[in-house]
Amino acid sequence: MHNIRGWLYQVLEAQKGGKWGRLINHGLLALVVVNVVAVVVESEHRVYVAHEQLFGWLEVISVLIFSVEYGVRAWVCVESGNVDFQHPLTGRGRYLLSPMALVDLVAILPFYLSFFFGVADLRILRSLRLLRLLKLTRYSHSLELLLAVLRQEAENLVSALFILCMLILLAATGIYLVEGHIQPDRFGSIPRALWWSTVTLATVGYGDVVPATIIGKLFSGMIIISGIAVAALPAAILASGMINELKRRRESFRRELVRAMEDGSLDFGRLRYLEKMRVKIGISRADARLVFEDVKEEIRLQTYVNCPHCAQPIVIKHPPGQIQVRPGKKQRDKGGGGMPKLS
Amino acid sequence: MHNIRGWLYQVLEAQKGGKWGRLINHGLLALVVVNVVAVVVESEHRVYVAHEQLFGWLEVISVLIFSVEYGVRAWVCVESGNVDFQHPLTGRGRYLLSPMALVDLVAILPFYLSFFFGVADLRILRSLRLLRLLKLTRYSHSLELLLAVLRQEAENLVSALFILCMLILLAATGIYLVEGHIQPDRFGSIPRALWWSTVTLATVGYGDVVPATIIGKLFSGMIIISGIAVAALPAAILASGMINELKRRRESFRRELVRAMEDGSLDFGRLRYLEKMRVKIGISRADARLVFEDVKEEIRLQTYVNCPHCAQPIVIKHPPGQIQVRPGKKQRDKGGGGMPKLS
Amino acid sequence: MHNIRGWLYQVLEAQKGGKWGRLINHGLLALVVVNVVAVVVESEHRVYVAHEQLFGWLEVISVLIFSVEYGVRAWVCVESGNVDFQHPLTGRGRYLLSPMALVDLVAILPFYLSFFFGVADLRILRSLRLLRLLKLTRYSHSLELLLAVLRQEAENLVSALFILCMLILLAATGIYLVEGHIQPDRFGSIPRALWWSTVTLATVGYGDVVPATIIGKLFSGMIIISGIAVAALPAAILASGMINELKRRRESFRRELVRAMEDGSLDFGRLRYLEKMRVKIGISRADARLVFEDVKEEIRLQTYVNCPHCAQPIVIKHPPGQIQVRPGKKQRDKGGGGMPKLS
Amino acid sequence: MHNIRGWLYQVLEAQKGGKWGRLINHGLLALVVVNVVAVVVESEHRVYVAHEQLFGWLEVISVLIFSVEYGVRAWVCVESGNVDFQHPLTGRGRYLLSPMALVDLVAILPFYLSFFFGVADLRILRSLRLLRLLKLTRYSHSLELLLAVLRQEAENLVSALFILCMLILLAATGIYLVEGHIQPDRFGSIPRALWWSTVTLATVGYGDVVPATIIGKLFSGMIIISGIAVAALPAAILASGMINELKRRRESFRRELVRAMEDGSLDFGRLRYLEKMRVKIGISRADARLVFEDVKEEIRLQTYVNCPHCAQPIVIKHPPGQIQVRPGKKQRDKGGGGMPKLS
């Protein structure tokens, strides 16, 4: 029983567990994709009416499977290394409130709601199933990295978009003042002008609304050019966020590495462990190698000093964290050729 | 009296002061938002005529409140830690010339001007109230970061936009030479062609003006492609500016931290102080943690060993770049585990 | 015989081999360009019919030459320094499966296939010849850098585009719900709406499909603005990838340099070797100079002074992180100018 | 005589020389701007005919002044610190071939050419005067920075645009295969399709040419999305180039600073010199401060060791480049509280 639970945990949360585990995970992945495709395709009315039953069954089956998955995950979460989730009751409660669990819930909830309370708009209900896409985020490390960066920089991004919105509002007001009386249906009020200024400053430029007068064009020209700088902010924020995030991860990998190399050597077991860490932390092989080189160099560092009591030479080795001291009998001189022995 | 002033200073400038303080700040925030919404909505003529009085009253009340705010801020500024503002007269004078104070002034000035001198164009006057948006900049740290970066890189951004403008002018001249005689109304002169080249090189591309001939399309094709590189400059400038700015801030936080940890430990008071610094300097928690780890490592690099020759205790200290060997009193060997004494 | 093979290897793989070598390489380059131009031009039907034979001969001759090139490369690959390719049979086999060899194969395969099996669509066959462009990648270092970065960041880029696609799908669904009944032919189903959302979120904005209702415009406005952040991800990923890649290359060049300067000096031969490394590693001269300065400084940090107590000479050496104090033979004071002996 | 030459050199090349110097420089600046404006305005035919003479005179006078400027610069260049230009003949020759001198030449050459050989197309001749804009590059440091980055990264940018062009060609071929028979006038051949693919992949998206079929839209959708990644390359290249360039400049400023602080202190004269260097190297004040802090820290570094001969403590100070040794009488312990004196 516990074995099953442990195995299921390995399969579902750690994406391990032999070919059966892979089978299950790929099955769930495929099911999500199939569902999304179904939502997209069945929105085409004539396709829907043609295979109404098929889509109906697919939905029922999917919800069934996802519900089982949801239950199982709730059941096995106590196996997790994370101590928060290990208590049979409160732990499971905490798990059910974790983002991924909520995503799983959202994937099935609409069906039950519509089932019990009936549906306002069938189309909306069906579309809600697209949220099952979110289940995919569980399966990619680099996706997790990007989301981490976006989360990290959320505040800055919001501020950047806020600045952009201020510029958009400004542009709308300007064009409303300049061309409001010429194209009243398009620029007759700020709310109407907002459509043009948004489309323009985002450099989408549909061309359905365009200034007509010289002054209008001069003004929009200035707005467009100054808009380039503001529209570049998000890229800048994300770039610096990305670089920082990767630096942090390399750093934490470095600490792992230093801990593992405390005595200056690495056996195979540790290497496997480090490789696992690397994947978990989510840095590229090349970066890991770079970090490794650095640490190795640090480890090589030695200091030759002399004991303040007995003038005898000492060699001090210091790997990043700690320090070793050994007698420096014969100093292996690298630099300046032959040197006299200390008597 | 002084208590009131001090409390008001805490509330308005440091956004502190218990739930009443929060109430006041959120009230002012809300009022700004309401004002902006009002400006946008009332620009829709029929909405305006429908609720003319409402908008009138809102304006009067808002100006009243903002005026009071302006006065109070001028009154309490002497409480600030900044010595510039502490003199009752000259200090207040300096404050009134500080950017934020000018923003507050701009938020109310138009009303009084129109009140005393009458209005040229009512729509313009109303639109000017949008400037009250600037009051929001006071309430966000990350917004302040972005504005700092923009200010820092202003010169480079201007140069980048200047290069872009040169390219735009070049493109306009080229298309005027190539298609001036074919679409005289659109490319018949450089000024007319500028509209097309601006819209094109900013990748807005309305499509209201498009080259017609093969040569024209060849030329614009080349311009468009070379434009991609130039249009990428602002993003590059801001990215590097962002990274530098954050590095500077981390650095100054690091100095704060080193100062606070001089004796290698942190009590709760200092931690609170550092947290305050962190928010003030405006770096993310993750970055702060990274800096903290580094400093801790630097500080930790003090080891107590004993000379392998004469077995006397030595202390080896090396803060950042510095190595120091001195006789130690008591041996607390941390580093090299059980190591044999060589007599 | 072997001389020829070695020379051909130098010519084809190392782009060396005197003016004849240059001639051959430039010839092959030119031929590729001519082929691409031919494909583009002959797609214009009336041009094709006018010079059908010319194009036919060009194709035959090109394929002939490229086939010879392919064969020769397969023959000479055993000369490569790379041990994988040195075995006459297995080595050549490995080479034929290497990316560049496959590119060469793809450049000629279509012709033979069509020759033996006949052609489904002549236009497609001709177009396939564009793949010969890939042969150019062999001749540029910076191109190789960019491709390395793209490969390095491929996973992140895919994730970023995946997020973008999720947003596109979301936008399509939203607009389908909002305007599906108003513009049924354009937004009547998610697949139809996808065209609009793709064109919009990529900020292309043709303007052939545009929301008509207020709600539709509000929704797309929000989508457009949030899209700016997501569309900025690839730039961020590539920027950080670029910076990392260059850092790694500088680092590996640094190691080369340190190895070459072990005894603190550089003769001409080593400089030539380093220059070769620099080009091979693909970092700019300016970066190389920067690395060089650093290493030089690190190496220079060796000073001959004498003990202020017993006036005996000491040598203080500190390469990168390491300090070493040892008795020195002869005093060659570089550092502290004329300093008084303290007896 | 020499005084005049020296003064003129200061004025023209170093933008110094009191208010008269400022007057001259601003005059030249203004003249360039006036010329550019004239070129733009007179391209409007009716404006030209209205003030034909005015424009004529402006041109003659401008060319006269620029010619004088050109001559004077050639005369005074021998005053430059750059030894290349100091020889009366060869030096002046070298100067005349320097980029800035060529820019000055290009600014006046067209006039003389047309004067001596007559003009093919008057409009083209007039437009050539826009090249006088290039004279402005002499007056901005940050502009010089950007141009340096663009030059530095030119090779990578070309490669990036080459990749983009390959993608454009691919897209054109694809759409030509897919929709060539449906919109023969737009996609009937690759050259025709190129216009669409260029406009699309640069995200300009005029909308004058748009795929019509489902397959065409599917294909362009894929192209558009993959295009986002490629179009992001230039931003990435420039960002990393910018960061590197600034790093290099900070580094060279650091070296200046270290040289100036060799004895660990700074007098006012050196500070002024450093400020001049800072502006010349073109890094921001904030960066300079950061570098300064670092160097100061480096200078503070001290090593406490013991003489290998007489076991007495020594203090080794090492500012980056060099090293000082002094007797460490009483070791000023910072770290661990009270410690026994060395007997």
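Per-chain numbering from 1; labels A, B, C and D assigned in written order.
One rule holds for everything that comes next: a contact is a pair of C-beta atoms (placed from the backbone, for glycine too) under 8 Å apart; a residue touches a chain by one contact, two chains touch by 3 or more.
Computed from a predicted structure; not experimentally measured.
Asks: So which has more C-beta pairs touching, A-B or B-C?
Replies: A-B
Asks: If I superpose chain B onto chain D using their CA atoms, what angle of rotation comes out, to the nearest 5 degrees?
Replies: Going from chain B to chain D via C-alpha fit gives 90 degrees.
Asks: Centroid of chain B to centroid of chain D, CA atoms only: how many Å?
Replies: The mean C-alpha positions of chain B and chain D differ by 26 Å.
Asks: At what distance in angstrom does the C-alpha mean of chain C lie from that of chain B?
Replies: 36
Asks: What is the distance, in whole Å, between the centres of chain A and chain B, each centre taken as the mean of its C-alpha atoms?
Replies: About 25 Å separates the centre of chain A from that of chain B.
Asks: Got the chain D residues that touch at least 2 other chains?
Replies: In chain D, 160, 194, 203-207, 235, 237, 239, 243, 303, 305-310, 313, 342 touch at least two other chains.
Asks: What part of chain D is in contact with chain B in the complex they form?
Replies: Of all residues in chain D, those touching chain B are 36, 39-41, 43-45, 123-124, 127, 130, 133, 140, 142-143, 145-146, 149-150, 157, 160-161, 164-165, 194-195, 198-199, 202-208, 231, 234-235, 237-239, 241-243, 246, 284, 286-287, 290, 293, 297-298, 301-306, 313, 331, 333-336, 339-340, 342.
Asks: In their shared complex, at which residues does chain D touch chain A?
Replies: 203-207, 235, 239, 305-311, 313, 342
Asks: Flag every residue of chain D that touches chain C in the complex, lowest number first.
Replies: That would be residues 152, 155-156, 158-160, 162-163, 166, 169-170, 173, 176-177, 180, 188-192, 194, 200, 203-207, 210, 217, 221, 224-229, 232-233, 235-237, 239-240, 243-244, 247-248, 251, 255, 303, 305, 307-310, 312, 314, 316, 318, 320-327 of chain D.
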